[in-house]
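Heads up, the next two complexes both have chain A, just with different partners, chain B and then chain C.
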Partner chain A sequence: MIKKIEEIFFRSLMLISNMLILFVLALILFSIFKKGLSALNWEMLTQRPHGGYYYGKEGGVLNAIVGSLYLSIGATFLATIIGVPVALFMNVYLVKQRKILNFIRFLLDLIWGVPSIVYGAFGFTLMVFLGIKTSLLAGIITVTLFILPIMIRACDEILKTSPLGLLEASLSLGSTKTETSFRVVLMQSFSGIVTAILLSFGRAIGDAASVLFTAGYTDSIPTSLNEPAATLPLSIFFQLSSPVPEVQNRAYASAVILIVIILIISLLSRALSKKYHKNRI
Partner chain B sequence: MIVLFYNRKTKNRISTAWMLIAITFVIILPFILGAGLYYKSSMLFEQNSLGDLLFSKVWKPSIGKFGFLTFIMGSVWVTFIAMLISAPICIFAALSITQYSRKFYLRIIHPVIDILAGLPSVVYGVWGIIVVVPFISNVIAPIFGAQTMGYSILAGAIVLSVMIIPFILNILIEIFRTIPIELTEASLSLGATKWETIKYVLVKKAVPGIIASIGFGLARAFGETMAVLMVVGNMIQIPKNVFDAGYPLPALIANNYGEMLSIPKYDSALMFAALILFVVVMVFNALMRMLIVRYDKY
Partner chain C sequence: MIENTKIKVDKLNLYIGKQHILKDINIEIPENKLTVILGPSGCGKTTLLKCMNRLTDLYHDVKIDGSIIIDNEDILHTKTDVTEIRKKMGLLSQRPFPLPMNIYNNVAYGLKISGRRNKKALDARVENYLKQVNLWDEVHDRLREPASKLSIGQQQRLCLARGLAVDPEIILADEPTSALDPISSETIERKFEELKQQYTIVMVTHILRQARRIADYVVFMYMGEVIEQGPAKEFFENPKMDRTKAYLQGAFN
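Presenting the complex of A and B:
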């Protein structure tokens, strides 16, 4: 009897935990959409902040949307051309060297956990060292460093599952390791890799702490890499610290925009990973 | 034909070289990070000893006195309370997801966890300001007879606990799934009930994994910046209870970058704060990783 009660007790704790998780997500989305949707309009999406925007006059956050996209696309591109070759190298060239491979994975897991604010601080140091000002370029470099371990680890997880036989078959037919890497192993897991890239892109667009020092903030849309760039998370943060209610409401609206972007990325990668699971050998 | 062959070889060489450069860069990255931060913060050691920096409460940048104790305590409070909230929730949720749930429910809960994991930290901060802060000042604080605006250690901890739930939960689910099904089947076939099996076989086997997942969560929570910064109050004081405002380390860095260059050594102090974060997170992650590796061997 006591056993039965114990089981029921713990089952209900499990149920409560699950309900809490579902409830919290619903609460987050509901509360932000409720506050933000009323302030969200076409102007928010298509205009830069005009004079007096931060006192409640007209304008929008186009500068931040475009800045965020530039920054994350740039950083994701750089991280891809560094990260994907690294993941391929680990799974084609080093696939037999268990010790080295474990060591690299261990290091990657360590830097994977380093908080973004530390990358921000480091990025700032790097900027001073290289003599560049707060700019789109400095932001892109910092965010690249931040998402690089995330991307490599995600690609590695995907490539790890590609069968060794495939690799050996390709090599035994006379292809070079490069051809095996890019034409066989990469193609085999292509949609998985794209999912990993999308994941990193989501990280890049949502992070504020690493660009706080490095990308700067501006009301105009950057036209070159040397100009500072606004980002959506920072724009939310700054608008929210304003005492004017209209500006605060726009912060909520900007949060809605950011959430929608993240949800689209998440949906895309979900669809792709389904495709990946269907196609793999 | 020969030209083609030559091309393939060259291509192979170039791409292998690039891969080698890239992987070398990635391997030395953690060392560059640590060295860079140490180099920038080393100026601080001229006037302050390491013990002073870590255990002194005196924070007077204008006369060159930098004691980080207040900020370290702020971080410790927020992180610790966040873990108290989220660890039990994650363990119970992971157990039910891996042991009891039907396919239908999994199809709901997995995307939910993914979305929670993907939401940017600033969004959690906005949610904290809209929901958690008023809830604390209007509902929770009066119950305990405390007066607060709501911007407090507790607000930071609640927001943080929600943020790290998907992170810990994913690791835990992974850990429970890797426990061989034969073990639980053996226990069930000997006549143990489902719950007894979970308690005496599954959880017992997973203890190192559970500890490690909580450790990863701690490290993660310790460095979280924007969301905590937005709700924690940012007052330079050592909190006495959960309704006091606090000032965690990441918030210190993020809030003061503007004045960084106007006060001498202030930039070194902020880099030192980043260095503390870096070292704590790296050491914690390394220890937990080793715990998991060792436990995999048995």
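Presenting the complex of A and C:
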């Protein structure tokens, strides 16, 4: 009898928490789409802000869309080619050194928790030191640093679940640790790694504070790494701070664009990894 | 007593942390015979087996002293690269771990990483080794499918094939049939009987009946020590130590 009550109690608890999360998510999406869709039009997607855009005149946020894509794709690419090998190194080479491994994980968890504005400030100091001005390059470097711990820890959590027996099997066949890392361990966890990369991409494209000082903001579309770049989160921020209601609605429209970009990239990479997965594992 | 010793383990001690796992192990394993390391669970059989191809390198806080001599080379203290040592030995683990690639590449993997890329030669070898483990008929028309789609028994035979494909001299098997159905187990056992003409096989098991069926030579371990070792016939019919007798009568099970 008590067991039955316990079962009912916990089941309803789980149900309620699930509902609550879905409700909050739905509420966010609803409010953004409700305000945003009315302001969303073709012009917003295809044009740069014209003079007076921030007072309600014509134009769009193409500068921020392109800037955000450049910046987050660049940073995710850099973080992937640095972060994935680090995670592999931890799980293939350091698998024996449990104390060192735990220490690295602890450090990464710590810097994961550092607010992105601190990365922005750090990036700014770095820029001054290196003599780089506010630019796409500076933004990419800062965002890379910001998402790197997320990338490494997310990949690490995936690779940790790769069975030791697989490592042993591959080594027994006479492959080196490097061959084992890239051909076996990485491939075994491929779809998980894709998810980790997506997670990092989501953080990269959604963050405003780290790019505030580093990538800056501009109404033009960057044509080189040395030019400043606008980003969607900052674009939302500036539009939302406007007193003009029309411009505020455009902020919501920009949020819709941001969400849709993340959605498209998620679906695309999931589909790709699934297709790949089917032929491998 | 033994004509040709392939593997000689001399005064081997292994500690994990403060735990003394293997205690003064001295054994000789004959060439081209099937040696069974027998003993109840947790007696250190698997650890001993993994010392032989240095997979113990992967474990945390392990300390080993003593020596393991294979072909006049102490593999624990040699300057030879560990990859070269491992190439001499195929490993078959308790549960199959197919590589995350298709059936063909599972067998070809070891060959490819050692630089053999000739397509025709690879095809021939893959076919040959899949035939050797009686898997060819079941998979020849779906070589490009992922290996994980095979049944566990088929996977284990595939793992044997990929191990054989790299031309080892020794096969290390760690309870290779414990996860398998009776028919797959029998296939593996029968395969071992054939393979021992060309390979030195070391097989760990806790199944007494299996040891009786296929062993040429037996090493009996208990609590990290080797209690008795000798030719299978002698071991089963005329055990010398009391603990062996007790084990054979089923006292530990």
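Methods note: the second predicted complex is superposed on the first by the 239 of 281 C-alpha atoms of A that agree within 3 Å, B and C clash if a C-alpha of one lies under 4 Å from a C-alpha of the other, contacts with A are read in each partner's own complex, and residues count from 1 in each chain.
The definition used in the following text is that contacts are C-beta pairs under 8 Å (C-beta built on N, C-alpha and C of every residue); 3 or more make two chains touch, one makes a residue touch a chain.
From a predicted model like this one, the values you see are computed outputs, not experimental measurements.
In the superposed model, A:Lys96 lies in contact with chain C only, and not with chain B. Touch criterion met: A:Ser170 reaches chain C, while chain B stays clear of it. By the touch criterion defined above, A:Glu179 lies against chain B and chain C together after alignment on the C-alpha atoms of chain A.
When the two complexes are overlaid on their common chain A, residue A:Ile82 makes contact with chain B while staying clear of chain C. Looking at the shared chain after the overlay, A:Leu62 reaches neither chain B nor chain C. In the superposition on chain A, contact is made by A:Gln188 with chain C only, not with chain B.
Residues 176, 179 of chain A contact both chain B in one complex and chain C in the other.
Residues 8-9, 11-12, 15-16, 18-20, 22-23, 25-27, 29-30, 33, 36-37, 39-40, 88-90, 92-93, 95-97, 100, 108-109, 111-116, 118-127, 129-131, 162, 165, 169, 193-196, 216, 219-220, 222-226, 230, 250, 253-254, 257, 270-271, 273-274, 277-278, 281-282, 284-286, 289 of chain B are the ones that touch chain A when the two sit in their complex. Looking at the complex, you find that chain A touches chain C at residues 95-98, 163-176, 179, 183-184, 187-188, 190, 278-281.
The residues of chain A lying in touch with chain B in their complex are 3, 6-7, 10-11, 13-18, 20-22, 24-25, 27-28, 31-32, 35, 82-83, 85-86, 88-90, 93, 104, 106-111, 113-122, 124-126, 129, 145, 148-149, 152, 176-179, 181-182, 202, 205-209, 212-213, 233-234, 236-237, 240, 251-252, 255, 258-259, 262-263, 265-266, 270.
Touching chain A in their complex are the following residues of chain C: 50, 53, 55, 57-62, 83-84, 86-87, 89-91, 93-95, 97, 99-102, 109-110, 113-114, 144, 146, 148, 159, 162-163, 166, 172.
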